[in-house]
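Below, subunit A partners subunit B and then partners subunit C, in two separate complexes.
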Partner chain A sequence: MAAEGNSIDALSQFSLTPVLGAVGNSVGFTQSTAHMLLAVGVVTLLMIWGMSNRAIVPGRLQAMAESAYEFVHDLAVGQIGDEGKRYFPFIFSLFMFILLGNLLGLLPYGFAFTSHIAVTFGLAALVFVIVTIVALSIHGTHFFSYFFPEGAPKALAPLIIPIEIISYLSRPVSLSVRLFANMVAGHVMLEVFAAFVVMIGSAAGVLGILGATLPLAVNVALVGFELLVAFLQAYVFAILTSIYLHDAVHLH
Partner chain B sequence: MKPRAMKPWLLLAVAMLAFAPCLALAAEPHLAEPVPGMPQLAFGHPEQGRFLIASIVWLFIIFGILYYVMATYALPGVAQVLETRRARIEGDLEQAQAAKQRADAALAEHEAATGRARAEAQAAVTTATQHAQAAAAEKAEALNARLGAQIEAAEQRIAASRDSAMAALRGVATDTAAALVAKLTGGADHAAIDQAVGAELAARGRA
Partner chain C sequence: MSERDGFEERLREARARRGLDTPRPGRGAPPSGPWGIGFRAGVEVVAALGVGVFLGIMLDRWLGTWPWLFLLFFVLGGAAGVLNVYRLFNPRRGAGR
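On to the complex of A and B.
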């Protein structure tokens, strides 16, 4: 699917294909769904099987599970405050789900379900709804004062309130597009350079094979870079969710 | 929140579900119809659009499972392990602190006891030395007194002997002188001889 003729098809890697035969097809069970389940399985195995020793001095797997726990716990409590403990399981699930989604996409035959705007927007919309519900349940109608900062001149209200509302509503959009765009860009780059390797390598004999090492080297560097992006984007998603929850709990 | 042990069947179910991608790879069918443009945005495509919508539904179901498993089983377990470790470390530190205090107290007591023992020993040594010195001095004094008395007695005896010898000397000298004079002259004036001997003895300081 990489190179047909002289055109590079870098986008068909994102198309969803049904798996598990006719049953999978009828319930819309695609490779994306399968990788979501894999991510859940990996996270569950890490956090339950990895912690099953309950050792005072942790082994490797337990240290990994504990450092993941403490990393997200510090993030949630650091951003939200003590109330963050209530939302910690949510932020932890979000972080690990996105991180695994990003990382699984880097494995051979893997698929990054975070490269789909439907998925990232689904998660962002979930965050948006939860944040709004939390804010309304804590502050009631006082929550709407969030859209007009205290001390701002009344005359500017017609200007400030629409801006605040738009910025509030654009949160799920920016949250989802950031993750989606990063993952798509990374995978398109990998696909394009991989196609270069095949095209140059099959073009001009020995010289072509030598020339093909250049895009291959680029791809090696890109994979390292994508590992960073995978972690960073999961972190950004989790920390922005924490910041939104902080706003919801404390209102500014 | 008290952590609950995860039921084995639930763990098994999650693990089995996790193997789904392997099954998927085993028989990956290809799309009949190619998707123009970005497949992520092809909501209008008859097949792809359906899968995209389905993936959102699946996302909520699967993320819900993850959240439930994490919130109910996994995270409270980790929290408990971390809490146990924290408590253990704190307990150990407290124990070490207590042990150190005990050791410090024992050391101080030991030092005090050593000091007392040293002082007592010093006092005992001083007393014993004084006693010994006093006893020795007494003994020496007694010996000196006895020796002095003996010397005095001996001197008296010597003086008496000398006096008696001196007293006998005049008679012997007079007799000897008289005998000599009688032998030489045939007669002796005892009075004159006695006087001459007395004068001679007086001259020599032996009277």
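On to the complex of A and C.
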């Protein structure tokens, strides 16, 4: 992989390269964009194709589609309450898009677009704006009481309100950084150990090949771990979105 | 009737024994070990501090009061970070649906 000489180039895997020739070059259509479209396509196909039979005893694809639906549905209703059904489409789209982004990045030649802070922050900013709009549309100006917990001494207001506002504004930052950092860390680790395999394997004959199996084994374990992280981070993103929506719907 | 009730009861017990009824995940508690919790807390603190510093610097640039608002918002950002970590373990009052 990227083991040129003795240095390990773990970050070049995240660089964007335009695809689709001159057209892609001129509009900035990169492999990241291509994978986003692929993720949307896969999710759409899974839902349409999987549910096309509407069998009572579901086949594999239908079972997958149904369990994904029910998982997110339970999550949304469990966190937000009955009103959560209104926001289920949004949470489901977010969850599936991020999950597919994480998983596609684990395939050979795949690219995890969630390893770019621009993408994750875009998603988190979308969540932030939607949550704020929901809160404002349901509660009107009463929403601003969210920044001052009831029962707190009035004298502390100049201190509490800025802190609460900063805390509120830090939500999209922590939401995006968490997903982004997890994906980057995972892919860097995979790259580093893959580079070890090449470096040790090309070092000294039989001994080198024997030694190279060690980092290879680590990489196999890491891929399994990354599968877990891919699910977990999509789940965390979805559950935090639901919690923010819960706060927006119920205020306190 | 009692026969059916007994069946439902036995079915539920069997499902629980086999671990088919996964318990509902708790509010805002993604299943993760100590590393996960530590990482979450760290991200929360750094995010709040970053937002505070950013706000402070921007307000200073706007009002020309460098470095006073920066210093003030640095402290407020740190406090917001502590508040975020506190909320991580103790969600807001009455938030229990």
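Here, the second predicted complex is superposed on the first by the 251 of 252 C-alpha atoms of A that agree within 3 Å, B and C clash if a C-alpha of one lies under 4 Å from a C-alpha of the other, contacts with A are read in each partner's own complex, and residues count from 1 in each chain.
Just so it is clear, a contact is a pair of C-beta atoms (placed from the backbone, for glycine too) under 8 Å apart; a residue touches a chain by one contact, two chains touch by 3 or more.
Computed from a predicted model, the values in this text were never measured in an experiment.
**Student:** Overlay done on subunit A, so just call it for subunit B and subunit C: clash or fit.
**Tutor:** Subunit B and subunit C fit side by side in the superposed model.
**Student:** State whether A:Leu232 touches subunit B only (first), subunit C only (second), both chains, or neither.
**Tutor:** In the superposition, A:Leu232 touches subunit C alone.
**Student:** After superposition on the shared chain, which partner residues are touched by A:Leu214: those of subunit B (first), subunit C (second), both, or neither?
**Tutor:** Touch status of A:Leu214: no partner.
**Student:** Given the superposition on chain A, what is the angle at the CA centre of subunit A with arms to the CA centres of subunit B and subunit C, as a multiple of 10 degrees?
**Tutor:** 80
**Student:** Can A:Ile243 be said to touch subunit B (first), subunit C (second), both, or neither?
**Tutor:** Only subunit C is touched by A:Ile243; subunit B is not.
**Student:** Is A:Ala204 touching anything from subunit B or subunit C once the two structures are fitted on A? First, second, both or neither.
**Tutor:** After superposing on A, A:Ala204 lies clear of both subunit B and subunit C.
**Student:** Mind telling me which of the two, subunit B or subunit C, contacts the most residues of subunit A?
**Tutor:** Touching more of subunit A: B.
**Student:** After the superposition on A, what does A:Arg178 contact: first (subunit B), second (subunit C), both or neither?
**Tutor:** Touch partner of A:Arg178: subunit C, not subunit B.
**Student:** After superposing the two complexes, find the smallest distance in angstrom between C-alpha atoms of subunit B and C-alpha atoms of subunit C.
**Tutor:** The answer for the closest subunit B-subunit C C-alpha pair is 9 Å.
**Student:** Using the superposition on A, tell me which residues of subunit A are in contact with subunit B and, in the other complex, with subunit C.
**Tutor:** none
**Student:** So in the complex, which bits of subunit A are touching subunit C?
**Tutor:** Against subunit C, the touching part of subunit A is residues 74-75, 78-79, 81, 149, 162-164, 166-167, 169-171, 173-174, 177-178, 181, 232, 235-236, 239-240, 243, 246-247, 250, 252.
**Student:** Could you please specify the touching residues of subunit A with respect to subunit B in the complex?
**Tutor:** For subunit A paired with subunit B, touching residues are 11-12, 14-21, 24, 27-45, 47-49, 51, 54-56, 62, 65-66, 69-70, 88-90, 92-93, 96-97, 109, 113, 115-119, 122-123, 126, 180, 184.
**Student:** Over in the complex, which subunit C residues touch subunit A? Could you list them?
**Tutor:** 24-25, 27-28, 30-32, 39-40, 43-44, 46-48, 50-52, 55, 73, 76-77, 79-81, 83-84, 87, 91-95, 97
**Student:** Report the residues of subunit B in contact with subunit A in the complex, numbered from low to high.
**Tutor:** For subunit B paired with subunit A, touching residues are 6, 11, 14-15, 17-21, 23-25, 27-31, 34-35, 37-42, 48, 50-60, 62-63, 65-67, 69-71, 73-75, 77-82, 84-85, 88.
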